[in-house]
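Each of the next two complexes has subunit A plus one other chain: subunit B in the first, subunit C in the second.
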Partner chain A sequence: MELLFYVAAAIALLSTALVVTSPNPVHALLYLVLSLLAVATTFFTLGAPFAGVLQVIVYAGAILVLFVFVVMMLNLGRRTTEQERIWLSPVAAAGPAILATVLLFMLGRVIMPDTTLTAAGLKTITAKDVGIILYGPYLLAVELASMLLLAGLVAAYHLGKSEQ
Partner chain B sequence: MSAFVDWLSSPVVLAAIWAMVKAVIILLGLVLSAAWMIWLERRLLALWQDRYGPNRIGPFGLGQVIADMIKIFFKEDWTPPFVDKATFILAPLIAMSMMMLGFLFVPITPTWGVSSADLGMLFFFAIGGLAVYAVMLGGWASNSKYSLLGGLRSTAQTISYEVFMGLSLMGVVMQAGTFNLREIVEYQQQNVWFIVPQFIGFCVWSLAAVAVTHRTPFDLPEAESELAAGYHTEYSGMKFGMFFVGEYVGIVMVSGLTVALFFGGWEGPFWTEKIPFVWFAIKCLFFMSSFILLRAALPRPRYDHMMSAAWKVCLPLSLINLLVTGAIVLWNHGA
Partner chain C sequence: MTAQQLTALLPFFVISATIVAVMLAISVRRHHRLTAFLSVVGLNLTLLSLLPTWLAGTGPVQVTPLMVVDGLASFYMALVLVATLGVMTLCHAYFEGYRSDREEIYLLILLGALGGLTLACANHAATLLIGLELLSLPMVAGVAYATSDRRAVEGGAKYLVLSAGASATLLFGLALIYAATGALDLKALAAILVNANLGQPLVLAGAAMVLAGLAFKLSIVPFHQWTPDVYEAAPAPVTAYLATVVKAGVLAAALRLFHAAGAPPSPLVVKALTILALASMIVGSLLALRQDNLKRLLAYSSIAHFGFLLIVLVAPGSRSLETAGVYMATYLITSLGVFGVIALVSSPAGERDREKLSEYQGLFWQRPYVVSIFTAMMLSLAGIPLTAGFIGKFAAIAVGVESDLWLLVSGIVLGSAIGIYYYLRVISALFVPMPGYERVSESMSWAQSAGGVMLLLSMLLMLAMGVYPEPLFLLARP
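After this line comes the complex of A and B, so read on.
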């Protein structure tokens, strides 16, 4: 399981980097799908299969499909690819890269073995556990989220309604 | 060397090897029955339309599949110069492999079946969600109007129908209390087949299943009278073949799932212990043939009709089914 974790994590890191650097928007989105799948695999290795499957169903299978759908409709051709290539010049990328490296260093400091951390993956979280937690201590959050979704639904209906 | 032989003959390793062999046999059986289904479809359509169909090669024309496969393997696999090459190649691979992966969780007999993961049904939804990418990428990468329109239609259709495909099965999950398909089958054998208490769920599920496999009457993504061949217009040779066979693999997979979810899996009226596979195969064959009968009997609806049927009829129906099932389950548990 440990080996699987490291392989999946490496794939996630690599494909996320490719999301940023890929000049073609559809290819970038496909790398994002790959990255999400790899993260789902790390969830499995950490003993949270339910979260992993939901990650695939919700993110890779639904939300990213809508992303790709929209980008497909925009009909971004060769010109966009060229533009992206120019925009991602080494000079422009240098600043964010330096800042991100500082953050990476901090992250490395946090996950050093000598710092005290709660270990993940000590027990397997099943669908039932998630349900009990959601409808127990977090009931109010679930209700609020459903209100928010309802509001979004009403707004989408209003925007999509054809003028009489 | 002897240490290696010892390791190889230890019971754990032997069990693992046997499981792998079984998985390969199931995979071969799946692909062969999918290929053979092409022949079945042509013969049955011909029968219902008062013709003969392919009956020249081998007994009953059974060799037709082999001839077709040889032909499609040796056709020129042409990649048009205007396509996005990487995604163009990726799309048929996704189409076929996702449909094959879906069969992973179908329990065939008490001892046969590739995986009995605890979250099996959720895995199936995940795989169904990823299968959308095949048509979508195929349509986009082809860089042609027909393909793109087919891909767009298909994406909208599949996403809409996936919503209540999941919801329609939640009644089954509630009653059985598990996502594990093998346990769902065992629950039905102890109680009653889910076709009886979950009849509404079954109706919605069968509509969604037809839509997800892109079969008539829901084959608008490849409606030949409007869109040439839809998302696979630009495909040729074995890449087209993978889309084509992938569709039939999908039919076999969905039939297997229907049997497992609603019709008690391998249980039969008699000799369930002796010939479980025969019962499973008979039920599967029945649903595979109903897919063909649907194609023979029904015309294609208009696209907007299909979408409004999805959102205005099927979604409310499956939600009501979910509510009523939940209420009954809670009532019986005395909560």
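After this line comes the complex of A and C, so read on.
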């Protein structure tokens, strides 16, 4: 489990660096997906499966797909289709694919039936524990976070509205 | 929760209800004056709802691990709310002539005020971070409010990226300290900062990052570069918000982190704070000298002022906590006045605010009343006796002398001496005789006169603080 943690953390760091340095947005997004998955894996190894699952569903699943769609939709027309074909060439996907394979291999090694599983963190936090904390002592933080989301929404609405 | 805790949280309930009411009112019908009226009424009710806890005087009320409502919290909540009220009045005067949608700004400012209240009561890293974000995120849209103006959008983008960077730094710092010690409670964090030593690299790195994040929001050198650009790009009332509400909220949080333990922070932290304070005083004052843009000049002046104010984080004891409150109150009322005048002479919103110093040449002969207020406020910023600014500076220097912080005290003296030059430069420009001037009768629409009344009140309050500061010291006593 500890080895998996370090490998996943290294992949997260490497792919995040590649997100920042990639000159074109689609490549950067592919690395970003990988970076988020690697971070989710570190959450699993630390004994926070709920946070890991949320990371995969919310970030890698929903938000990133949205990003990819926005990037694709901003580029309309035949010339950009050509551009996209070049962007999405197998070579471009090779880097993320290799790193993802390493991650998968490490995951597979851990869930082999003959290994004993102990979290690298101090204890395992289940979804129930998270819920009890969020709706007990941290209730005010949840409410304030909802106000923060409202602030973001109003700000985005005002800035994104087109001038007639 | 007990009844006492619910009473302590009353301001939060009232302002949240106001936010929802204003939002619904806007969605039903866009009406500028109605929106402004609802917001101001809500804020006044929030201010009133501070009273039950304050009058009960039961000492600190801990509400869940996240918040504590004590004397410090009540005082800074009142400061945040009063400043927000002032900003609202200015908004009403300023945006009356604005051509596009005007109502959202009230919603954004109310949300920001909720962030300020959260910071004032924050007792936990989570509330600290959420409060900080709630205080600054709405103002990204506030700075870029005039979306058709390239300069405003650029300023908004700058503020968004840099302020997100600062928040990330703060979060990283808190995470490092948490990793080393497992503490998230601000009281525990303050105690850790007192005992920080060279044997705890994680804690020291974390403390540095937390300090950097807070220093960014207070625009302390070397984290100040965004300040002049954003102040210049933002509409004048939003600039007033950034200079008052944001600073008051963040200062309250900084006091809890660096001051609440009752003992001086560790020598390493003190050294860092001293360097930051000196750099802000000197760099802020020197850069203000050569500004021809009034908003940029005031931005540098605020950098210098917060350099002066940092002395309270270095000096331990309740005297310096009281001084922080007094200084913040005097600075707040003064900047509200200064930016208020800029907002009033700039409105109705034209292409850009009246901000070039050359546009203020001889303004006294055209608009004597407003300019008289402006002059008084400038003198207060310079710290001339009988104004509030003098009391603030006096208290800061007194604390410095008491704690033998001679380096910082001499920095304040030097910074104030330089300051007098550039404040007087602005004042002398206002009174340049204009041959063949024509006195413009001040346009006195309802909104303008409400703004004018607010300015007059703030000037009277400023003078009252300067002449009879005793009540202010009593209020600020923790």
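Everything below uses one rule, namely that the second predicted complex is superposed on the first by the 101 of 164 C-alpha atoms of A that agree within 3 Å, B and C clash if a C-alpha of one lies under 4 Å from a C-alpha of the other, contacts with A are read in each partner's own complex, and residues count from 1 in each chain.
Please note the rule applied: contacts are C-beta pairs under 8 Å (C-beta built on N, C-alpha and C of every residue); 3 or more make two chains touch, one makes a residue touch a chain.
A quick note: this is a predicted structure, and the numbers were derived from the prediction, not measured.
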Partner chain(s) touched by A:46 [first = subunit B, second = subunit C, both, neither]:
neither
Mind working out whether A:12 is in touch with subunit B, subunit C, both or neither, as first, second, both or neither?
neither
Could you look at A:73 and tell me whether it touches subunit B, subunit C, both or neither (first, second, both, neither)?
first
Kindly classify A:33 by the partners it touches after superposition: subunit B alone (first), subunit C alone (second), both, or neither?
first
Do subunit B and subunit C touch any of the same residues on subunit A, and if so, which?
none
Subunit A residues touching subunit C - in the complex, by the definition given at the top:
137-141, 143-145, 147-148, 150-152, 154-159, 161, 163
Subunit B-facing residues of subunit A, complex
24, 26-27, 30, 33, 49-50, 53-54, 56-57, 60-62, 65-66, 68-69, 72-73, 126-127
Parts of subunit B lying in touch with subunit A, wherever the complex brings them together
84, 86-87, 90, 117-119, 122-123, 125-126, 128-130, 132-133, 136-137, 139-140, 148, 151-152, 155-156, 159, 162, 179
Per the touch rule above, subunit C residues touching subunit A in the complex are 16, 19, 23, 63-67, 100-101, 104, 107-108, 111-112, 114-115, 118, 124, 126-127, 130-131, 133-134, 137-138, 140-141, 144-145, 147-148, 156
